[in-house]
Structures are given as structure tokens and as C-alpha cells.
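Dropping the structure in here first, questions after.
Letters A, B, C and D mark the chains as written, and numbering starts fresh at 1 in each.
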Amino acid sequence: MTPYQQGNKSQVTVSSSSSSHPGVWLVAELEVSELVCASVRRIALHVNTATTTGKLIFGAKREAGLGTGEEGGKCGAYRPWWVCKRPPTSVLSPQERGHGTYMEKGVQVASVAGCVTRVNRLITVTPLRQVYQGAVGDTVVGRITRVQNNRWKVDVNSRLDAELRLSNIQLPGGEQRRCSVEDERDMRALLTEGDLVCVEVQKICDDGLLRLAARSNKFGKVSDLHGQGSLARYITQQIQCLTASTLVAVSPSLIAQDKQRMHDLPCGARVVFGANGYVYITPTVPQEQASTYIVNFEEVPVEVRKTIGRLRNCLKLLAHHSIMISPTSVMTAYDTSIELEFEVRDLLKLDVMQDVALAAVQSMNK
Amino acid sequence: MKEVPLSTCERTSLVSSIHAGLRYDHRKFMEVRDITLNFGKDFGSCSATLGETRVLAQVTCEVVEPRPSRPNEGKLSIAVHLSPMAAPHLEPGRTNDIVDELQQILDRNIKESRCLDLESLCIQAEESVWQLRLDVTVLNHAGNLGDACNLASVAALRHFHRPDVTVEADGRVTVHTLEERQPIPTFMRKVPVCLTYAFFMEGEHCITVMDPTEQEERVMCGRLVVGLNPHGEITSLLFPGRMMMEKETLLSCIRKAFTKAKSVAETVQQAVEDDLTQRKTVSVKPRGYEVKNLRSDTDYNRWLIDQRVDKRKLMIEENVMPMEEEMQDPFEANVQQPEDSEDSDVNPPATSSKTPLGPSSHKKKKKESVMANGSEEEGDEEEEEVKSKLTAEDLL
Amino acid sequence: MDVISPEGLRQDGRTPTCLRDISCRLGLYDRPNGSAYIEIGNTKVLAAVYGPREVRSLSKQNLDECVIQCEMSRIAACQGERVRRPRDQRTRALSLQIAGVFHAAIRKTKYPGSQIDIYVQVLQADGGVTSACINASALALIHAGVELMDYVVSCTASINKTTPILDVTQQESVTGCEVTVSMLPNKGSVVSLDCAHTLHLDQLDEVVDLAMEGCQQIYKVMSQEVETYLQDKNAVMSHQ
Amino acid sequence: MVFALGCDALLTAPRPRLLAVLPPPASAWATCYTRLLVLNVTTFDLLASTLTTRCYPPHRGPPEEDRVTQGGGVEAVRVVLPGDTVMHYNTETSTERIFLGPGLRWEDGMVRAAKPGLLKKTQRQLYFVDTHQKRYIPQRREYVIGIVTKKKGDAHRVDIGCGEDATISYLSFENASKKTRRYLNLGDLLYGQLMVANKDMEPELVCIDIYDQACGMGVLPPGGVLFNVSLHVAREIINPHSPFLLTMSQKVKYTLVVGMNGRVWVNTTHQKDTVAIMNCILMLEHMSPEEADGKALRVLEALML
């Protein structure tokens, strides 16, 4: 055993299990809730009991080719299957190629290992993990990395730092005001390095640069912000107004697609599921406060802090077990962890994480 | 200072002219630039020029304790120095990628190939051995530093003589000065040669070009550096990726390198031998680098121009059809082994006697069999010298 | 001592054309965009990939394609005796080579203006370090979802007298050469070729051939692991 | 009266509008030595027609002096070394008007050389020292060839071979407006004129003259070869009546664009000819123009085998 493996139980178990791997893997069929199967499979390896009702195929090794149609024929055209950069099998014209593929001598080849989806004749391959690709209209959570001439650079987990222009944010004192030189001078007072913002993707430039905007009413409209610097407070208020908020970064592909990105969860926390995989958790702001803007310096009670901590750990364990993150799954995990009477700190233990994940998946299945 | 950016125009025009079968300096694809070796005042100091690339190598020695793991072997250490003098975009005092790579090439070619008999550098086992230090300084970077550094290093090592030592009965070691006793030459079994190929891709076609200039280096897709000796041993291979290549293309390059390596090795041996015999025969002490035998870029370029014009004249005289024979088919050159390893050599004999060169690659004169009136006899002699030298080598 | 015994076996009981045990693993860590670990016999290498991300130094930015940087280092005790510097000239040259390999393999034009950093840590070294590093980096890049032309696999081979041997250990490489070949297995093209110590020209062909054969075997192991990994994470995508 | 032309003088002078001051007196240097020259023996090139006719304000035509100097009215006086006294010149006593170009300075009634080289004199009493120099110091109104290196907001950064990158606004192209933006690709070659060039500010390039016309400036067409020569060579071949260029044109038809920063762009119909012309021009680096002229044809023949 190499030194680095010590003290990390999961890695030890898994690497040993992969070495003693029988060369057979389980694939849950569609009857099994798709949400479950990965975690089930993973957990089944450890727990040794298949808890799902579905049919398990053993050793059904699939020839993962693009567009062979064999799998597609069996499971429906949209059934994803896996491709591991196999040699090409289908001949397509260049305009039909999708993301994650490229043409070579008239055939389409996958360039990433991931899931193949086919919509009509467009074949795309989506990798499991990827940096945020960006889509216009997505709500994302980002962190300011640099303040420049009339724009901020925002880290949104994409391949280039996104750009938030001064003209694209709601300035203090009215939404339609043109930004002036003073605004430009005081940019750092509005947002400075390290601040978190919740913004939407306005445009994707030619070179892949994401242009962000924070003008939308989506973020909770606050009228008559008074004084300078209120914008900063305004934007961050949604996220950071209280001192007990926290950011969890997960893979962007784990975030379930959803129109609504900000959720006030019943446990008393507001969660922003940024499409870029940054999830932000804050205590719920009372309605009147949110709209009228009062700087709240009240101390956050321990219970709320615990709730936020628990939510954070639940998010972590879901991500660890590759379960899609949505308000439902987070709340289920949260409730399960309370049901099973785990302390917040226990949720970081690997076996507890596994138990909770399994239980959450089961209860979601019901 | 930052490097001047490369414009699209420069890039495309170079590639397209190579695909038209033409290099900017009108060399053939498999032609190496002109090699000149100059030797300094002391033993083991050599400056090599490869076209406009210039490298200075200097060997020094000292008595040190041997490595405990190898108590009866001398040491050899190689250091490459690359300063902004060589090219303005290199940063001073900082190791950069080029140095790392050169160091690796030299280490493998010279140190790890064990071409140098390190055991002969032992004075007293476990007590004292000679340590040779090879310092390679790049003076001008005009492309293909690997070959140039290797050339200079090998020549310097072959040229080097270390002082004689006597070991007294009580273990005292006396190092004699060069005046007191004849210095002892280093013994180099094989002459490692380094050859660089540059690859240019356009679409599916890949064109291989030897000895790239700096501009070609900036444009090329990838390259292959082969270190080998005339005995057919590969001492190092470096194909650092950046492009996809078929195995066959690479291997054929390596095979081709062999014939070239022979001629380069001979050049080096000849040049070193010439200088050493000159030192022996002439009673006057060698004066080292001199203005008259250090060739400036201007001289070199003028010489190239004159050569080209003369070559043209020669052709008209001989009624050789230009163009067809002269221009190599790029693709052909790529695929099959060209037989031109001889005639692609740099000096056409008609001009070499007039050139302002120092001891350069004249050994080709004979083979080229074109009338070179004055220099024929001389060429003969040299050829014989080479032969006798080689047999001596073989016997050793 | 002979590398190959009279029975035709090597010291560790392998036949000349047999690979050592290989096991690899994708996704060890969450923090980097991609990470992987590979064991080839006693050579153990860990790789992490960050990016594509914003370029760190603007002077290096290339607006047509991405910048690929590689940093390889060895832990101090990876070869039994302590190495003085984890990064020296040799590892720098190796890093350069690894970066060169991925220059050929990554679809650079997909990430203009970005930077991909590959960090490789050699935990144990026992021959074939370069190839292990390349394999680990390739897996890490696949894990990170970086677009590649193909898998990249690398393998070493050597020759003992007249018998070509595959996947040499440290001990075996002391006596002979060590040829490292990296290739794109599905395209069959070579992306890096490297030879340390002397090798005769006539033998080069068979050594390279053997190494390329070894590459194909390693490729099978690696693609198996990638498939396992993907099956593992099935739920993620299918839920969308 | 002394007009010192050079960086310093330009700094103190009020900023003249581009090319508006082309007629005498201040622009002698600019007209003589800075003009973009396209030597075109064929008819195909679009540059040629625009350039030669539009280099001057259309209604005025080339100034008288210029017509003279075009024919190469430069005479070499002698070799000077730094510190050599070129002549005595006193503003009170001397009635003659002279112009001092680069490499000369005037103090205490003496004109001294600041660079080693050949002292040259034009027929308009412009003195300057022609010296071997590779580094380009930007000078306003000089035409240069630049390489687009970066996009930066509304401007592009262009490498013109001097210490600092020049900028060019997207508006300073012919027919460019906010609506019709001119998109430059990175790595494009740009032939433009320096609008701002002094030691304290970063140089600024434009591709239009005061009449908003391109005058042949702009992005160089694809194809051709770019190479660098020393500045004195660039000055040598910027003159379209240079015998060397004319000699070459007997053999090959070519288009030549010379930037004062030592960058030269050549294009012909065949790549081989282009490379031959390039190598022929590069000969000037190593020999005098007269010698090169003598050899030009033979070399060209040899190169174009």
C-alpha cells in the first residue's frame, strides 16, 4: 500500500476492489430509477446486497460506438450509452457532429469519454466532469477575481474567467441609469476581489468568453437602494447578507436542470444552485428584509448555522456519490440524515456518507 | 525582451514554400548547413558554427575524488549556458526549456553513451581521478542548437589534452605542466553525432527537413533529434511529440541519419586532427581564435551567394539541365531514402578553395568527383589521412 | 547477473514480452478537474489536471489554442535513496516531453486562450517512469473531460542482447537501453519517442514494435478502467 | 533656421495633422525616406495605383522638391564618427536653411554627428547620418509593417518591432465606422502609418490619411513573404527608383512593401520567385547597393533555377 492511500478508506477499498474486480459490471436497466443505479452499484459493491428491484445485467459489455444504433434500437433513440473514445463506426456529414466529437476522414469520433446522446441526427458526447460550458440564461454563482477598467472578471468554473461589465449590473439608485465615470472609479466599492455574485449568463462571445449580467429581476428586486456601495450589498445580500453562508463547489454536470435556481428550503435556508456547480447556502432572509434592504448584523443562531452545515455536508455526500443535486435530493438527504440521527460532523465520515446516500436514494425512489 | 511574434504570413509562406520544394536558404531538404570548427589557444576549446548558429565548448579538468560507486572512473560533467546573447528573448540567469533539453541531449549522447573512456581518467583508484568539465556556451541561436552543441562538445573533447601525472610510491600525485611533459589526449571511442529533423505538415502530407533554421523551428510542427554514432548505435532519441507521426516515417529518418552521421563524424575528426597536427608541426604557439579564421555572418552569407552564382555557372558550363534534377520532389524525398547524401553536402569543390573558411568539411572533395583542379591532390591526401586515422581508431 | 534466465524468464518471473501488473484508477480527488493514479509494477504515479482555465501569465496566452503546461516531480524517496531535489533538470526535460505528447493529443483549438495544467507526482519509481506519467496524465485528462484526439498510451521496451523485452524495470534498464514510445492507440500514430542509453540501429525496429504492442495492451487496461468509471457514475448523466 | 527632425523635434512641434504638412519644410524626411513605396512592374496590383497617386493630397500633387529627390537626389558626403564636427552653423550669421536628420545634433553653433555612418545630404539641405541599425525607433509619419498581436477592447495591439507595441483603433481604417467594424485576425500583417510616436507614449498606428483614404495602407493581402532587413537597407529599397530594385524587376515582376521598421513584404506570382527576390534583397545586408546591383541578376538567376 502506498503511503498516500493510508488514512483514506474509500480509496483503499475501491482500489482494492477494482484490482480484484471480476471484470463484470452491473448495469441497471431502465426499470431501475436512473438516479439510483450508480450509487447502488457502488454501494452494492460494498454492502453486497442489491437493494433495487430492477434487473441486473452481468457482464453485458457494450460495444460503445457512436451511432451504431444497436443500443439505440433496443432502448430507444435517446437512451444514452457510454463511449470511451472508440474508433468511429458511423459516417456522418460534418454538420451533424455535436459537442465532444470531431470528424476524421469522414467519420465521427468521440473526443471525450462520456455519455452519447442522439437527437435526430445530431450526436453529442457529454463527459461526466467538465468545466462549465455556459448557456445563455443560466443562473450562476461566481467569485470576483479581478477588477478591471469597466468590468469585473468572475470565476465561474469555466475555461475562461467570465466578464461582468459595469453597464450590465444594476447600479445603486435606479435600474436604468447610465453608468458614469464615478461609477467606474468606485467599482471596487461595489464589488471587489473575492466577492461572490449571483448572476446570469447574458451572452457567449466568439472566443468562448461568458458575458454576465445582473440586471434581471430574478434576483429579487430591491427598489431605492440608498447610498454608495449598496449594490454590493444588494447583490451579495442575496447570498452573503448574513455571516453564516457557505459555498459548495460540485461538478457542473451534477446540478439538475431547473428553471428556478434559488430555493428557500423548508429547513430554513436559501440555496442557490448555480448552473456552474457552485451551490450557495444562506439562512433564509425574511421577506420584508429581502425587499426593503436592512443590513442585518444580528448574530445567526446556532441552530441555523447547524442547518447550513448539515446542508453543506449533505451536498458533499450527494456529490461524492454522484447523485444529481436538486432541491428534492438535497432535502431528502437532509431529512434522512436527521432521521438517522447523525451529527453534522459525522456526515463527513465515509461510511455515514454512504449510509445516508443509500437511504436518501431509497426514500427518493419511493 | 519578448520574442517577436510570428505573423500568419511568415508561417504560411514558409510552409507553402517548403511544400513547393524550396527552403528559404535554398538548401535541399536533407542538407545540413555548413559546418566550421575553430579551435582556441588551449586544448579542449572549440567553437563550432552550423550556418549562423555558433556554439563554444570548453573542456577543463581538475583532480577530484572519485564517486564511491565507481572508484576507478573519472568524472564528466556537462553544463549548457544559454544567455540572452544567443537570442534576445531568452531570459538571463534563468533555466529555460531549451537548456533543459540541450542538457538532456548532451548528457545522453556524451555521458550516458560512454563514448569517453572514463577509466583512463583514473589516477589512483578510490583516491583521485580527473574530472572533465564541459562548458557549452551558445553564442548565437540560429536554429538547431542540439546539433551545434553536440558538434562543439565532441570536437572539444576530442581536442582536449590533459596534463600528465606521476604517482609517487607514497601516493603523492604530481601534475606536470604542459611544458614539462607532453599532455595526454582524451580517448574517445566513438564520435557521437546529433542530427535534427523538422517535420512540416500540410493536410495529410508530412515533409521532413534536416537541420532547421530558427525560423523553420518556429514554424515546424514537430521534430526528431537523433543522437547516433557512425557505428550504428543510437545514443539518444528525442521526439517530443507536438504532432502525430507514423512510426515508419520516424524510423526511416533514423535510418537515413546514419549515412549523414558518418560524414559529420568524419568532418569533426578531420578538423580536430588537422588542428592537432598543425600544433605539433608548427613551432609557433597557436594563437587561438583569430579574427581571420572567425567567420562573420556577412562573410558566410556572401560566401553562400558567391557559391550559388558559381554553381549556376558550373551548371551552364556543364549543360546540366537545371530545375528537374536539381529540385527534389518534396514527397519523394520524404518517402524514400534519398541517394543524395553525398551530393547534398555543402561545399561544391569549385568554390571551396576560395572560401574564407577555416578547416571545414573538405573531406567531401574527392567523392564529389567534379573537377576541382587545384584541390584534387590535397583532397587525396586528406582522404588518405582519414583512412589511416580510421584504421588506427579501429585497432584501438 | 543476466536479465533473462536460461529458462527465458526475467527476474520477476515475466516472459520477455510480458507487461507488469497494471492497475489504474480515475478520479481520486475532487478538487482538481481531473485526477488519476496508475501503478505499473512498482512504478506508481499520481496525476492531476487543472483546467482548462484562465491563463495565469498573460505573456504566454495563445489566442488560437490553449497553453499546456506540465510539471513533474518525484517524491524524495521514490527510488529507495533520497533524491536531493524533487524537481531537477531531468524532470524538467521529462515534463517538457509529457507536455509535448499532449500538445499532439489535446484538441487545442477547442480551448483558445485557456491553459491546461498537468501535475504529475512520481510516488515510486521502478523503470518506465515517463510512460507511467504519460498514462496517468492521459487518464486524468479523460477524467477532466478535456477533448482529446484519442487515448494516449505509453510503454517502454528494451533489448537484452538479442531479445527485446517489454516494460523494463529499473534494474533491467541499467544494463540496456530504455525506449519509451507514446502513441495514439486507435490511430496507431506515434506522438513521442525517446531513447536513453545506446541501442543499435538494427534493433530499433523490433524494440519500437514491441513497445507499441505493449501500448495496445495498456490501452485495454486503461479503457476498461474508464468504462468502469463511467458505468459507476451512470446516474449522473442519465438523470438529466 | 534649423529644423531638427527626429524624436525630440517632433515632440516640441505642434502636432501637425497627418500628411497635411507634407509640403516643405518640415516633412522633408518624411517624404524622402518614409514614403511607402510599392514598386510594381505588373499591372495587377491594386496597391500600386493607389499609392503613387494618393500619397499626396490629390489636388496638389507631389511637391517640387520631392520630384527631385525621388530620383535619388541623395549624395553621400563622407564618413563621420560620433563627435565629428560636420559643419559650423550659427543661427545669426548663416542665412542658409538646413535640416538635420537623425544622427546629427546641433549645439554651440556646431553640427556634430551622434552616430557613426555615412553623412548624407539631400538636395533640400537635409543632412542625416545613414548608419547600420537594426533597432527601430518609431518616428511619427513613418510607414511601418506591423503584426497584430492582441485584441484589446476597441483597439488592436500591433508589434512594429520597437520596444513597445503600437495600438491601432478599429476606426482608423478606410470606411470604418462603429457599425462597420474592421475585424483583424491575430497574426495579420498591417501596413500603416505612425500617428503618435514619441518616447513617452505608446505608438499609435493608423491606416488612413487625412482624407480618410487608405492610400494602400491596411491589411496586407494573404500570400507573400515577410522578412526583416536592417534599417539602412529598408531606406535603400524604399526608393522605387533604386537601381537595384529596377534591375531585379527586369527578371521578375514583384510587389514590394517596405516598412521603415525594417520589415519587407514581397509577393510575386510564384513562391519560388518570391523567395528568390527575398534572398536577393537580403544580399543588401552584406554588400553595398552598387555591388548588389551588379550581382542581382546573376544571383536571381541562380536562385530561380
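Here, a residue touches a chain if its C-beta (ideal position, glycine included) is under 8 Å from a C-beta of that chain, and two chains touch if they have at least 3 such contacts.
Chains and their UniProt names: A = Exosome complex component RRP4; B = Exosome complex component RRP45; C = Putative exosome complex component RRP41; D = Ribosomal RNA-processing protein 40.
Owing to the predicted nature of the structure, the values given are computational and were not obtained by experimental measurement.
The chains in contact with chain A and with chain C alike: there are none.
Averaging the CA coordinates per chain and comparing them to the mean over all protein CA atoms picks out C as nearest.
Across all inter-chain contacts, the pair with the most C-beta pairs is A-C. Remark: chain C and chain D have CA centroids separated by 53 Å (rounded to whole angstrom). Centre to centre, using the average C-alpha position, chain B and chain C are separated by 32 Å.
If you average the CA atoms of chain A and of chain D, the two centres end up 58 Å from each other. Separation between the centroids of chain A and chain B, computed from CA atoms only, is 58 Å. The set of chain C residues that touch two or more partner chains comprises 63, 149. Every pair of chains in contact is given here: A-C, B-C, B-D, C-D. Those residues of chain D that touch chain C in the shared complex are 150-151, 186.
The part of chain C that touches chain A in the complex is made up of residues 23, 25, 27-28, 30, 33-34, 37, 44, 46, 51-54, 63, 107, 111-114, 123-124, 142-151, 186, 223-240.
Those residues of chain B lying in contact with chain C across their complex are 2, 95, 97, 99-101, 103-104, 108, 112-114, 222, 224, 228, 232-247, 250-251, 254-255, 258. Contact residues of chain C toward chain D in the complex are 63-64.
Those residues of chain B that touch chain D in the shared complex are 4-13, 16-17, 20, 22, 24-26, 298, 301-302, 305, 308-309, 311-312, 315, 322-323, 326-327.
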